[in-house]
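Heads up, the next two complexes both have chain A, just with different partners, chain B and then chain C.
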Partner chain A sequence: MSSLQSLDIAARSATTFPSPSVRREPEVAKLIDVTSCIGCKACQVACMQWNDLRDSVGDNDGTYDNPRDLTPASWTVMRFSEVEVQSGRLEWLIRKDGCMHCEDPGCLKACPAPGAIVKYANGIVDFISENCIGCGSCVTGCPFDVPRISKKDSKAYKCSLCSDRVSVGLEPACVKVCPTGAIRFGTKEDMKEFAATRIVDLKERGYQQAGLYDPPGVGGTHVMYVLQHADQPQLYHGLPADPKISPLVSLWKGVLKPLSVLAMVGAVAGAFFHYMKVGPDETESEH
Partner chain B sequence: MASLAPTFGRGAMTNHWVDIKNADVVMIMGGNAAEAHPCGFKWVIEAKQHNKAKLIVVDPRFTRSAAMSDEYVPLRAGTDIAFLAGVINYLLSNDKLQHDYVRHYTNASFIVGEDYRFEDGIFSGYDAEKHRYDPSSWGYELDAKGYAKVDETMQHPRCVLQIMKQHYSRYTPDMVARVCGTPKDRFLKICEVIASTADAKRAMTIMYALGWTQHSTGTQMIRTAAIVQLLLGNIGIEGGGMNALRGHSNIQGLTDLGLLSNSLPGYLTLARDSEQHLEDYLKPRALKPLRPDQTSYWQNYPKFFVSMQKAWWGDAATASNEWAFDYLPKWDKLYDILQAFELMYQGKINGYICQGFNPVGSFPNKAKIVAGLSKLKYLIVIDPLRTETAEFWTNHAEYNDVKTADIQTAVFRLPSTCFAEEDGSLTNSGRWLQWHWKGAEPPGEGKGDLEIVAAMFTRLRALYKSEGGAFPDPIVNLTWPYKIPGRPSAEELAMEYNGRALADLPDPKDKTKTLVKAGELLAGFGQLRDDGTTACGCWIYSGAWTQAGNQMARRDNSDPYGVGQTLNWAWSWPANRRILYNRASSDPSGKPWDPRRRLIAWNGKAWGGADVPDMRPDAAPDEEVGPFIMTAEGVARLFAPTGLAEGPLPEHYEPLESPLPNNPMHPNNDKARANPAARVFKGDREQFGTAKDFPYAATSYRLTEHFHYWTKNVLTSAIIQPQQFVEIGVELAKEKGIADGDWVKVSSKRGYLKAVAIVTPRIASLDCDGKKVHTVGLPNHWGFVGVARQGYLVNTLTPFVGDANTQTPEYKSFIVNLEKA
Partner chain C sequence: MEETRYLRRYSDGDRINHWALVILFFCTALSGLSMFHPSLFFLSVLFGGGPWTRILHPFIGVLVFLSFAGMYLRLARDNVWNADDRVWLAGAGALLSGRKHEMLPAGRYNAGQKILFWWMAITLAVLLVTGLVFWRPYFAGYFPIGLVRLATVVHSLTAVGLILGIIVHIYAAIWVKGTTRAMTRGLVSESWAKRHHPGWVAQMTQDKR
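Let's turn to the complex of A and B:
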């Protein structure tokens, strides 16, 4: 079930019937100003607290990044990169990583489970866990390598952009705790406007390539970055320069879609006949 | 704090957090605000985004503050005085001063006495045996009336400006590069940015913290920066200041209330052994002005002191018993924490009450601390958390390798409340007293500190009453007027430190009228008397809870001038002034230096503006009352004739443990190698290492993910920074064949630790005095209790020596060896 009673679903995985489209909602966005981020990880803690997530206490493997990577219980992590763009001038770029909430979400496109992934009219892409079959297609579909499959329940997890909070007019938890205002939330239009003022400031400080990361390859994103070096997003711990949905997913959704629908219909029909002939599947007890 | 008081008159952050947004230049040095003060750091971001401020960071490590900077330069740990003295030299030799400010608001024009000398690193008056100075030769030349002589042209060879020019001329950019390892061109770039604020229309704020205080020369490091700020005219103005960021939410409150062994509340001081009578005690403290017409507010010392005695001992403090002066101990030597543990180590202390303090984690040379605790008869730990100190007797293999059976100390653990489980006030770095309300009940048997201490006190008092003792009077006569004697409330204590009238107080302007009725709360310290008719627990806090109610609980954030001055939000000492010395924001005629920064101005009849004037409100500019009302001079002290252990002007000395064999400033004078006035206990000197065995500079510090040794008890904090690590530079790692994630062993003469290595270009190897100096960074959040991975207490490595004035331990610069484990 969607936690967003008041947010309309604009797209639903593996579903062909149309979505409600009468109400209009502004598109929202989270803006992460990497140039004002001090890497304090308060956002990581807020995410854990709001979403009742507790990852394991890991270890240090020679970096500040902890937990080391996104996991089913860590929906956002800070990525630290030491770079020298201009010779002799060290920079420590700190990027908050997590779901980008693509306007054209590869995960949703790839997902074969009806209603396991939805996109709301405000742009948030949400995983509806009860519908998830744990197949991992969303992982293949994501150009940012974000979803993680839990070993515990074989379901996919990622940042929900606090859709539960947003639905009642609150900002995401990470935004609320950010001490420097590096994470902001609002309409996408307002966020772009604010980003523009940051870019002017950065250019005045000598970052000629400062810019907004809102990649068109996925139709733009509802999580955007202000970057000092927008011409080289890969400096920021491999942020893709031009993210696109994997061709395999396009194939699945494009040319092969009729075939796949046929296959699914076939599978459903097969299951039906199996049930009629053999009766319900019963797992044999091993003991 | 021991540094700012001898310079400006008060030992506190001059400005406040919000005001940082008004800066044109923000310099972070001796601190790492982004990591240690992430919430306050928002005001740096505000300054950058809305005031086009430039951020400069100077630190041995490229920190997360440096990641936000416009300019960063490294320096060798412990060489901050040399760096800043280089800045002073740059300002003086390039004439980058705010001239009128320097002339009128500092002691640049004061003439120093003929006997003052400075020779090869040592000032006049040094006793090499005792490692102590007699400061009498550092005084001003006085005229017949006892006033200091001045030369307004500042040309006299012995005037402070000329002495400074000579003193600091040695700190050339080349010398800075030699001592600090800072590349010359990058040093000069920083100087240029700093010097841009000599313009009266530009302001620089300096933000610092324990990165300066935790050195054997910490007090003088801070003073060097304060001198820079005075030369630039950056004190007393919006967006300026010397901003001491405190390391705990209420550590400013701790200093304000005098919780140091030789302090009393409100920066009053405990009498020395030689001061057995009240008169001898008051005379050197009630400072007479050193220039005509100056405020010298400490003249009122007797009022503050007598009112405190009345608050403590009520009717038992009378004029005839010198206001119970005998009840106070007189000190023969400092009893700071290092001294206490030294005595414990010698077996001379047998009981210790440890309240909200984890010395096993927080104090240097852990082995010595644990050995001291092991000799106690009893240890009482009052803390909301399990601490290493409470568990010092438990064996945790290499992390705490003690023989439990050999330790006979009885340990009592009294669980107390956390801040959110009690009412009270916290005093933040910016001197705001903010009231807070209990948010939850404490778990289990936890009790508030007030209740615990009251229970101890009432039992002790009963024992003294029934059994007597050598001198029971101070204990049996202590006032204890609380409605529930076993549980004094925060409100009652707050009213007590604010003070009240004990008799009707006549209005000094019209004696027939009563200003304050007996029993009423005082409106401020201006109403205090030295005749026993007022009681006040902490004079600087007077005004916090008045007849109008709890001023600390005010939450009106309106900012009528739009400069972040919210005078009705909480309450700030002194007298709700938000920016200290704000008279200096205007020129001598009372006109603001910068029309954009109209903090206070003279309107023809009175001072007024966005702040409460730090000045007698009707002191007309032509009365020439100086803006530094707490100093006897009325001006700020570039040259400090009194108040400092190691000299009137800051000079670079090496850390007690240094990777260099001598002080490059004084290579041939071993007396001037390290701080000549440092106190080193017998046995500790033998525990200092030499660069031959321990070749690398080391520095310890906090990370933003943790708060000291507390948050390793918090699961979410443990998740985001789970395990101990050390940071080393790329060059050292290459030399030693160490890769990211390898285990290394770091040792000093006092012990060792093993941890994962982070190899990073953020720690530069520096060329100092012809030697390559590598630095080892040691974050200090792990220990043997908590939910984070077990680790070694970093203070296993640190040396047992402190700053010569405050005895704050030298955690920020010592030496170690490092090997692949």
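Let's turn to the complex of A and C:
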């Protein structure tokens, strides 16, 4: 999609110059209200239908999670967790898992292929498969364990937040199909406002720890959750409490790169000037 | 004028092994660098584009390791550290600054060459092990993500360390005249050998007698 939207790209993988940035766009977000999700998986169906993906039929591992995990052809999966926050009171937490569309995307930071991962001005993070070299660095960079590398073509895949639909003014397929209105889409600001009303409501119903999941460690996300137990996000199938790009990835893609290039160029330059100053080491009797 | 006398420093096998290693090393280094820094991504065209670079790099890397293993078997014995090497290192500064160098003690290899030899051996071993940890699609899946991240950083850092070592190695061969003949023909002049590797000359002539 990206080639048609060159003015809308805010960041591009493995690119050291700034992207075209004259155009400003409101940031969008998908809000997933975990508390009104009934786990019907209509979103999973809509996702595979719109994106024309058909995953192979898997096997049952004794949970409702189907498929068991995200795959190159399943960009969203409902994660079912049975928890007892208060003992004796079983709760069934259902979280729609998939790409969180980080404001500071670890995948994009780690990717070595120019333009294989882009972040649009509206905040959507998209994989441009034709530029993907299949190295798996996005997997290394992602704090949410989302990208999946296909065994067929060695390309990385994940939720695109239906960037094709959003670019023509439609909501993502999962949002359109959700029967309870648990998934909403709009500007990030509007979604935060709506989330606030949900949180007030939940608190009135006794969920004192209800809150919005918009983790600051990755600059906020363009997929946010309303959680009834926002103080314990890990209850929701291990949703990280404070996701951050790993310091190892930051080191690798941060200071290490320019310093290494400097060191290598410096060594060659040093050698050149050493030769010019000191002159060659010659064995006299050879002449 | 007297005719220059030559000593045999490397066999045909030594030289073929060395130059195979050189070619393979350049292929891995350039393909690796193309994936390391965006400004060097253009190097990937040498290997048929990004995906081919990603596919080829680890295979060539394994060949580099095997090729170096050959050099290791040939040369490790002559690179064992001994008492003379400290003396050589103490005089290395004067030698580099171009002041007429005293005859520094060195056998077949001097202390600088030995350090570089072991540096190559260590970095290549580290590169092989860390590289396997994030080699897709074959091995990366068997390791936890934290280890993959660590391996990636260590691999990059070690590779830069090795490349810096190789820059020193190449420059030394350019700077010290009469050296390259050792690797192109296998021969060095006796005067060159006496100047740079007196211990080796003594050993060679002793063996003959």
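Heads up, the rule we're going with is that the second predicted complex is superposed on the first by the 253 of 287 C-alpha atoms of A that agree within 3 Å, B and C clash if a C-alpha of one lies under 4 Å from a C-alpha of the other, contacts with A are read in each partner's own complex, and residues count from 1 in each chain.
We adopt the following convention: a residue touches a chain if its C-beta (ideal position, glycine included) is under 8 Å from a C-beta of that chain, and two chains touch if they have at least 3 such contacts.
All values reported here derive from a predicted model rather than from experimental measurement.
A.B. asks: So in the superposed three-chain picture, is A:L170 touching just chain B, just chain C, both, or none of them (first/second/both/neither)?
C.D. replies: A:L170: touches no partner chain.
A.B. asks: Output check: A:L212 vs chain B and chain C. Expected answer is one of first, second, both, neither. What do you get?
C.D. replies: In the superposed model, A:L212 contacts neither chain B nor chain C.
A.B. asks: Given the touch rule stated above, what does A:I9 touch, chain B (first), chain C (second), both, or neither?
C.D. replies: neither
A.B. asks: Output check: A:V85 vs chain B and chain C. Expected answer is one of first, second, both, neither. What do you get?
C.D. replies: Neither: A:V85 stays clear of chain B and chain C.
A.B. asks: Figure out whether A:G181 sits in contact with chain B (first) or chain C (second), or with both, or with neither.
C.D. replies: Only chain B; A:G181 stays clear of chain C.
A.B. asks: Could you say whether A:I94 touches chain B, chain C, both of them, or neither, answering first, second, both or neither?
C.D. replies: In the superposition, A:I94 contacts chain B only.
A.B. asks: Can you name the residues of chain A that touch chain C in the complex?
C.D. replies: Going through chain A, the ones touching chain C are 14-16, 112-114, 131-137, 139-140, 145, 149, 151, 154, 246, 248-249, 251-252, 256-257, 260-261, 263-264, 267-268, 271, 274-275, 277-286.
A.B. asks: What does chain A use to touch chain B in their complex?
C.D. replies: The touching residues are 35-36, 38-42, 44-45, 48-49, 54-64, 66-67, 74, 82, 84, 90-94, 179-182, 198, 201, 204-205.
A.B. asks: Of all residues in chain B, which touch chain A in the complex?
C.D. replies: Interface residues on chain B, with respect to chain A: 34-35, 38-39, 41-42, 45, 48-49, 52, 62, 64-68, 70, 72, 704-705, 715-725, 739-742, 756-762, 787-789.
A.B. asks: Sort out for me which residues of chain C touch chain A in the complex.
C.D. replies: 4, 34-41, 44, 49-51, 53-55, 96-98, 134, 136-137, 140, 145-146, 148-150, 152-153, 156-157, 160, 163-164, 167-168, 171, 174-178, 189, 191-192, 195-196
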